[in-house]
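Here the chain labels run A, B, C and D in written order, and each chain numbers its own residues starting at 1.
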Amino acid sequence: MNKVSAPLLDVRNLSVEIASTTIVDRLCLQLQRGAVHGLAGESGSGKSMTALAVMGLLPDSASATGSVLLGGHDLMSSDDAGMCDIRGRRMGMIFQEPMTALNPLMTIGDQVAETVRIHTSTGHDESRAIAASRLDRVGITADRAGLGRFPHELSGGQRQRVMIAQAIALQPALLIADEPTTALDVTTQASILELLCGLAEEEAMAMLLITHDLAVLARHAARISVMESGRIVEEAESEALFRNRTHGYTRTLISSATHQPAKVARSQDAKSLLTVEQVSVGYRKSGASLFTDNATRTIVKDVSLSVATGESVALVGESGCGKSTLARAILGLEPLLGGSVTLDGHQISQSGGLPESAQRAVRGAMQVVFQDPFGSFNPRHSVARLVAEPFHALPHTPRGRDLGDAVADALLSVGLQIEDGTKFIHEFSGGQRQRIAIARALVTRPKLIILDEAVSALDVSIRAQVLDLLAELRAKHNLSYLFITHDLAVVRAIADRVVVMKEGRFVETGPTDQVLDHPSAGYTRELVAASPEIPPEWLA
Amino acid sequence: MIRSNVMSVFALAACLNMSAALAAQTSITVGMQLEPPNLDPTGGAAAAIDEVVYANIFEGLTRYQADGSVVPALAREWTISDDGLVYTFALHDGVTFHDGSSMDANDVKFSLDRARAEDSTNAQKRLFTGISMVEAVDPLTVRITLSNPDGSFITSLAWGDAVIVAPETIDTATTAPVGTGPFTFSRWVQGDRVELARNPSYWGTPVALERATFKFISDPTAAFAAMMAGDIDAFPGYPAPETLPQFEADPRFRVIVGSTEGETILSTNNKSDKLSDIRIRKALAHAIDRQAIIDGAMFGYGTPIGTHFAPHHPDYVDLTGQSAYDPQKARDLLKEAGVENLSLSLKLPPPSYARRGGEIIAAQLREVGIETEIANLEWAQWLEQVFRGKDFDLTIVSHTEPMDIGIYANPDYYFQYDSAEFQATIAELKLASDPSDRSRLLQAAQQRIADDFVNGYLFQLARTGVANARIQGLWENAPTQANDLTGVSWTD
Amino acid sequence: MMFGLSLAAASLVIFVMIELVPGDPAAFMLGINAAPDTLAALRAELGLDANPAVRYVRWVSGMLIGDFGVSYTYQVPVAELVSARLVVSLPLAVMALLLSILIAIPAGMFAAARRGQAADVGIMGVTQLGIAIPNFWFAMLLVMVFAIHLRWVSAGGFPGWEAGVIEGVKALLLPAVALAVQQASILARVVRSALLDTLTQDYIRTARARGLSRRQVLVRHAFRNAMIPVLTILGLQFSFLIAGAVIIENVFFLPGLGRLVFQGITQRDLIVVESVVMLLVFAVIMVNFMVDIAYAIIDPRLRRR
Amino acid sequence: MSRIRHMPRALLVGLAVTTVVLAVALMSLVWTPHAVTGVDIAARLQPPSTTYLLGTDHFGRDLLSMLMVGARTSMAVAILAVGLGMLVGVPLGLSAAAMHGGWLDDLVMRGNDLVFAFPVLVIAILITAVFGPSAVNAILAIGIFNIPVFARVTRGAALAIWTQDYIRAARVCGKGRARISMEHVLPNISSLLIVQGTIQFGLGILVEAGLSYVGLGAQPPLPSWGRMLADSQTMISFAPQLAIFPGLAIVITVLALNLAGDGLRDFLDPRIRRAR
């Protein structure tokens, strides 16, 4: 691309400090009209602070230095009134969380029209008309009822479209999108990204697309800046960036994102460890009376699944498809409406419930790792106590020294130190916590570990390490995994077999490569197509 | 007979009959601490009823005057048969009730028959039990026949419970009283006030006031504030004696201090095993410093008494010396009685003389080694536990009925004094008609109960009132429970 | 359904509680020298001789047709007494609430807008003081200053609305102020913290990104969202103000509901106590119901489609 | 913009004053400047002097000594009432949260709503009318209304904890609801309970003052701030110290407790919100 025209946005030596900690360090960035500029980096790298500094919306505790020129006008020297005039009119911003980023008490029409009304002298009807046309542009049918709807009546994707509409209502020159699709399902993500990039081109906007997902940028951004610890370590055109991988950090990021742990060899004829037979799970609808029959909402509908010893099975699907509910049902945390679950030859769950003793017999054989590395641990217990918790109510609980040894073993096997057992959970990073969670799952020497989005909250580099650890442990202990995830990249990395789930039912089951490379079900094809991927040829 | 009812312990009514001068201001707001539960004096016991309606709305055949004497009211005059059994009353002519109907002998017969009937709810029914027959001889003549002679019958008829009511309006008398008095009832805002208006067709001397409002303020602080702020013109039974010096110092106000019939006593349960020993009761009497109680609880208002008798009565004997404050003697007596670590319950009803006096007495008893456990009770609880249940050691209460020493002759009365000798004295008194005999017997009775240290005799309750300095004609003393406004007027 | 059940449960609790109160209303009415037969006659007349179950049913079924019984002491229908008291208590509660709102909402908004600054610290300090002051003590000081020394208003009492609206409002002013101080302090704190809560929400940032100034954001977006916790507190306060003015009504000798109950308890006019407490509970449940409706008006998420 | 970091300071002041009041209350057990049980009518209504630092009341008792013992009464009643509320309310709230959506939860919440619907002061007066006025019954009356407060706060906070993954992890380990409540839930809501306890403590002192003001609190001769106010009200114009000092004592104590409570809330855990 030719760089003759003056950049629309010119950020020079931007530094942001909070409580004398440097968050953004002498950052320089130029954006051109009509182009999408990617800003990549892991959490805490300062991406969002950069965006907020450009918008002049830094928290009160932060201070910024340097210069931000928008179309030649210095934003850093504007007061808040001046910035108010520019925000919404000359530049707009889209945030990550569509569920909370819209005022729940205001109709979407009013929220979009508000951008128009506070910047122009347009009347009520006219601003509503503009709002309607902008909503129409982002794909929200703008009949009158549409304008009068409230955010809670819309899906996440629709809300994100409303967000876009209110940001582009006055056709700003600059649009900043901060992780605009991170909270969305992959199929929704694809369409939102298409919409954004189409808008940037059509309305000649400069767009700053901030994301942690390199694959998203590979597909949509013309240029990419990579941020690490507040600094831009590399900036290049997309393809060049991926092909050359000049900077070490960029290399790490790219290799982590596409990381594949060593495949685990295993015998194909291993016996079935976990059998899920025609299981249905659901809830009684709130407000429904005890006496009406069809008062339940079924989340998981009549599904069957088996996991063999040493096998790793991925259960993949979008949010709300019932995959986590099924996982909880297998763990005995949800009652079954129908069907049964058998583990290692023992029936552990069936509709109508089973005595506690049925579960106790095999309790040590099945463990779980949850997604949230922050919410998974009681902050008031020592790590050793946390790790030892699964021994509770096992028939043969080790005591004293044996217990200490078991905990030490588990900690060592996930790459932590024995001394870490005396510490508390707040002393550990997210990745370390997920290791502790795995240690906790390992301590009873289980046969099956259920991993519920266990790596989704981790940055790519950490994720790669944890995936390696999981692969290693599986090989060492002949473990079976049931991996619940929405991320096809993770599926590819860890699963022998994959089960695709949609609206409570299984739509496709098969070996990972076969399902992902040659999907047979329409939904699977859609899913695979929508999953962003760095073109393999760029990585050659 | 003697009456002692719960409400009346608050009751501090007033009297002073003066000629009424016409003044520019013709309305008055009178403060009262307690609100009457209803306005029918023949159907309720509360003193507050009489304090509103007595002499103002309702009248009886006879009535009390400010000085305590009883004079003719609706009855012009009467004759008594020689055997003292038949009373013939001549009624005033031209007396009408507020509804316009005339008051005649049939109304009198109705009222008295109703009061003494089997199902009567008259609180002072016993006043009428001596009546054997009431006859309307002609419209202006009533003949009453008694079963036994009764020297105090004329006085009994002056009670608020003996007022004359009309059969047509008696059913609504609780909320809309219709009487023959100089004021008519206009309205009652429950919880706040009762309003009266001048009766234009009053049979007697018309009153100076055109309107009168009784306002009910139970809280002493609020009473003080209302008086100070001028919201109330007169508060005859003013409940915060500690503030009287302020009113005295303020020329806008006049402080009226009078006497009541209220003997304030430390009632002692004579049947309690801790107190049945006279030495212990005597020790209690000597442990008490009356003046400290009068100063501390009543801020100096009150007269020490040594027996159950009003000091302003001619037959009063000052026996305070017999139970003079002497803590050492009290300790000796206790030692002599062989009691140690005596602990007594002291149950106090709401009035401040009891609550404050109780705290002082507790401290004084502690000085001589007697511990008390104070329990502050509401009237309902006090009635239940102390008066009826007799579950107490000590209590403080003011007996406000006139000439009520006879209660000591009733061994079932709550303090349970049972003395054959005293009972004989009272029986003799009932039959005695010679004034000097009566005087002797009354003095003997006073001496007897003082000698037996039945109760701790503290002080005669003073009637402390505050009024706007321009008001005249309010009662000073309280011979009966009343706020007689017939003689009240404003000066300029 | 829930409504009826709550009321039924409440009525039972109240009845049982009142049954436990020692003291006989008839004995109280007749005084200490009442003859036993007089007492029995009165008890029968008041219906006190029936067994508790019968009296409960009598009471509840009476209330259902609007008959709350007849006061033992006043011997007038309880409904009449209550309505006479309500014309004092209700306006007092409304005045106190209005005062409280008028003070608290601007103060809370002002403090929230200046979070951490001297004005905020000052306002919050005053509200802390307002919460800590016993209202009867404050009332006492008010009377001393405004009624006795300055003689601007009367020390208490209520002339009745027929004396004119101005006179009525004047009589209720000091009590309303005394009641409002604590309520306003609580409310101001709630307004402030609710506003600060909503100001950290994502949609506030979105609105700022749209170009709204801090002030516009506060007025257009934060305020309405902050109304939800504020409404909850307002509902609680109104319930409290109707019933909770017992002491204040005594200080200002106002003929209100609170004093009626207090008097009813001390005079063992149990039918009045029962009925008024029931009425207060009913009022609280009604207020909660109305608050729920108000939630739905403010928050579309709570509306039924 | 100059920012005043007021919270830590407020917390310090609050805690310090609370400690002083508590210390004074405890000290009154062994020493007061003058005896508070003696009555000395001759020395009544004296203005502040070197003998009587704050003057004397209408019975000639030393006001300062009365205030010290009154602090003990108020504090003891409030602490025990809050303790009663916690002792009953916290287990109720914990069980309700553990059985979320079950009949027990329903029962606790309905019961809470019912108690909340009753006018506090009126019922407190009724309770003392039933059982007779005494400090114990004041504790009971105040305590009963603390039960739903703690039940509600505990339930709300516990429900938030119950959604955490570590609860799920514990359940997978086969731990029962009761055990999880004690081991995982209670420790993690304890700071919230301390904060609420502090605030209820302050409220308790106010309610106790109100009850003893109408004569239903601790009985004489034990001094209590509320009754001291009631006793001295009519004397405010000639002995203002009698009405002013007990009032100030209440204000200062409640203020200190509220400051401490608010400060603790921010200090112990900035994430927790005032539960309603």
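Note that contacts are C-beta pairs under 8 Å (C-beta built on N, C-alpha and C of every residue); 3 or more make two chains touch, one makes a residue touch a chain.
Predicted model, so just to flag it, every value in this text is computed and none were measured.
Across the assembly, the mean Cα position most removed from that of chain A is the one of B. Centre-to-centre, using mean CA coordinates, chain A is 87 Å away from chain B. In this assembly, the C-alpha centroid of chain A lies 50 Å from the C-alpha centroid of chain C.
Centroids built from CA atoms put chain D at 44 Å from chain B. Our note on geometry: chain C versus chain D, Cα centroid distance of 22 Å, whole angstroms.
Multi-chain contact residues of chain A, defined as those touching 2 or more other chains: none present. Under the contact definition stated at the top, the residues of chain B that touch 2 or more other chains are 221, 350, 378, 381. Looking at chain C, residues 22, 140, 144, 148, 250, 265-266 sit in touch with two or more other chains. Of all possible chain pairs, those that touch are A-C, A-D, B-C, B-D, C-D.
Interface residues of chain B facing chain D in the complex, by the touch rule stated above, are 220-221, 224, 240, 242-243, 245-246, 291-292, 295-296, 350, 355-356, 358-360, 362-364, 366-367, 374-378, 381.
For chain C in complex with chain B, the touching residues are 22-24, 27-35, 37-38, 41-42, 45, 73-76, 81, 84-85, 140, 143-144, 147-148, 151, 154-158, 160, 250-256, 259-260, 263, 265-269. Partner chain A is touched in their complex by these residues of chain D: 1, 164-166, 168-175, 183-184, 187-188.
Those residues of chain A lying in contact with chain C across their complex are 55, 57, 80-81, 84-89, 92-93, 95, 97, 100-106, 114-115, 118-119, 150, 152, 163, 166-167. Residues of chain D touching chain C in their complex: 1-6, 110, 113-114, 116-123, 125-126, 129-130, 202, 206, 209-210, 213-214, 226, 229, 233, 236-237, 243, 247, 250-255, 258-259, 262, 273-274, 276.
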